[in-house]
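In the two complexes below, subunit A is the common chain; its partner is subunit B in one and subunit C in the other.
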Partner chain A sequence: MSATTSTFIRVPASYARYDVDTTVTAGLLGLPDGEAGELATTHLPYVRDPGRGPLFDHADVVNLALFHSNTGCTVPDLALRFLLRFATAPQSTWYEPRWWLVRVCPPPALLDRARDGSAQLSIEPADLAAPGVVPLDAPDAAALRQARPTAKAILPPGYEVAVRITGAEATVHDGRARGLYQEMVDALAGGAVTYQSVNEGLRARHREAWQLGMADCVVASRLLADRLRDAGLTARARRGYLLGLVGSDHAWCELYEDDHWKPMDLAFAFLASGGSGTRRINATPEFVAACCGSRFNRLLPGQAPDALPLVHLDGEPAPPWLPVAVSAHPGEAR
Partner chain B sequence: MTSEISTVSATVRALIQRNLDTPALLDLIADDVDLVAAGVNSGEMIRVALACENYLGRQLSDTELSRMTSVREIATVLGTDLGA
Partner chain C sequence: MTIADSGDDPADVVVAALAAAVSLAADQIKTSQRLAQIPGMESVKILRAVVRIEDYYHINVPDDFLFETATVADLIDLVARLVKESR
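== the complex of A and B ==
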């Protein structure tokens, strides 16, 4: 790994949550524990716990993986690459009706605590009334489930939904909205703001995160929604799952125009047009254009407003190193 | 792994197993069962997908990536001529 450390912004201590140990760090960096610990303590702020050793902020570790491997083969790198592979598929496949069986499974470590009453775990349900999202009829849902069995029941607050998601090709016409959107894409592409992992504490202070020079999909979507509303437009930030190899937490902004909500996805646009190095995805100009108004058939929004976290533990955002597992099974739409 | 729960290639299972934090977990998962719901985490699925690309020597398509939800589906993506 490169020894360079200037390519991302560390989480300021006042917002950091130092609770990721070297084992989790090693998994994210794709290195043995000892090597990962040495690399992380060299390049990241940390606190030392007498029992667990050095503890890091999860976002810092993810960024170390993203910015310093130069291999494109760390888990965060690969997740981006695989989940956005659809951008290279024919354009019609972005919008055509697609069936999805989605299972959201809490990790056993959290589920056990929830079930013995030592912690309260909550997961935002899917927004089945979202534009383009339609629950499957019972026979179709049953057929989809039968073809993709589970070894054990999915326990609440985990859930399973079978939906048809239909995309829509559209563009944002409002000049103010397009200007604000492009301004933020340019800030990311030009490096004034670094697209990187941001922890939940700073996501909640998205304006401050942007001023610090860092943004992820949540920060960008919340800030764009703010700016659109400040300009007198109707906008909202959404958060849900990007479906593909797995379901991945993702956020985007939506503008209400022409009597419907049009997604404006700064993260996709940046990664497709301005992402650098191993994080750049191969995408056509048509895909970049589609990020400003079109709705893709693989985004399942949650019900939480303002792109708030999808999973809470005792009223706080759940630890990111214990993510819910989200399986996404495509089916043949009829 | 018991022979009752798997009819797909041992090569495919070995490829998946090498990319799990707890390889023994796969011994408990039948061919058609949802891997993620059975406890395979997203990081492991991502490593499995990379291993499949390396095995095939090419990028997987979006369609192939999306269908990789069970041992059998992964075997299908990798082809059926792998032998047991």
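== the complex of A and C ==
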């Protein structure tokens, strides 16, 4: 892995949460502890803890993995490569009904703390009333579960849901909405704003993050929703899961138009049209167009408003280095 | 044996990639094993192995296949078919 210092924006110290040690860093970078620690201390800001050694901000480490890996095998690289593979599949597969068994599992370290009462852990439930989302009845859910006989039981507040998700092809017609959307896609594609991992502190200050020149799906969707509402339109930011081989937290904006909530996905549009290197999807123009109005059959929204975090620990967003595992197993109902 | 010197036989390439992902010798990978049951295997390591196989042959393994509880032999068969179709 080679590294330079100019391609992503480090989290300013005033917003950073330096709590990621070299072991977690090594896992994200796919390197041995010593090598990862040396690389990270060379290129990232950190604080030194007497017991744990250097501690980094999680977003900085993820960005180091995404921007400077030449292996394509870091955890963020893998997530991007496999989660967005559907974009290169035939168009009909973006919308056709798809059955999913979704399992949201807190990591043991968080579960232990929740179960012994030393911490309060909460996970936003899936929005089973969202457009296109239909919870399966018990026999259909059981049929999906039979395909995964080895899956372990999930302890609360983790959960499992069996759903059918159907996408919908649509387009946003409002010229103001399309203009604001395209302006933001262009800012990302042109490099005025860098699409990168952003920590939760800055996601909460999405306007400031954008001004600092950084955005991720949460920042972009919140800001677009703000701008659409400022223009007098009805819009909201949503956050949920992008379902795939490894499920992932994802956020998008929705515009209410023609009696429907129409997704406007800046992150997908950027990655499909302007991303670079391993962050580019080899998608068609049809996919880029679909990102402005169409609903894909792989997105399961959570119930949290305004794209707020899906997992909280003691009332605060849970540490990203203790991620809730999301597995999504597609299948056929009876 | 690494994937780089495993030749063009999909069986050798797949086994080498899986073995490398879990730091085992190739002869410790049994073709009858389910991918998830290879000692030390976890989802990220399966993906790393698949990336190496895909990049080696310039193919894409359909993700619906990877969702299934596939065996090493199933993956070898699929890769062999994809390689044949790509040529």
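We adopt the following convention: the second predicted complex is superposed on the first by the 326 of 334 C-alpha atoms of A that agree within 3 Å, B and C clash if a C-alpha of one lies under 4 Å from a C-alpha of the other, contacts with A are read in each partner's own complex, and residues count from 1 in each chain.
What we mean here is this: a contact is a pair of C-beta atoms (placed from the backbone, for glycine too) under 8 Å apart; a residue touches a chain by one contact, two chains touch by 3 or more.
Just so it is clear, the model here is predicted, and its values are computed rather than measured.
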item: Which superposed partner A:326 touches (first subunit B, second subunit C, both, neither); value: first
item: Superposition-derived comparison: subunit B or subunit C, residues of subunit A touched; value: B
item: Contacts of A:56 with subunit B and subunit C, given as first, second, both or neither; value: neither
item: Touched partner set for A:73, first subunit B, second subunit C, both or neither; value: both
item: Which of subunit B and subunit C A:103 touches, first, second, both or neither; value: first
item: Partner chain(s) touched by A:244 [first = subunit B, second = subunit C, both, neither]; value: both
item: First, second, both or neither for A:85, with subunit B first and subunit C second; value: both
item: Where subunit A meets both subunit C and subunit B, residue numbers; value: 73, 75, 78, 82, 85-86, 88, 148, 150, 244-246, 327, 329-330
item: Residue numbers on subunit A that touch subunit B, as the complex places them; value: 27-28, 73, 75, 78-79, 82, 85-86, 88-89, 93, 103, 105, 107-108, 148-152, 154, 243-246, 248, 323, 325-330
item: Contacting residues of subunit A [partner subunit C, same complex]; value: 30, 72-73, 75, 78, 81-82, 85-86, 88, 147-148, 150, 244-246, 327, 329-330
item: Touching residues on subunit B, where the partner in the complex is subunit A; value: 21, 28-30, 32-43, 45-47, 49-50, 59-63, 65-70
item: Residue ranges of subunit C touching subunit A (in the complex, touch as defined); value: 36, 43-44, 47-48, 51-52, 55, 60, 63-64, 66-69
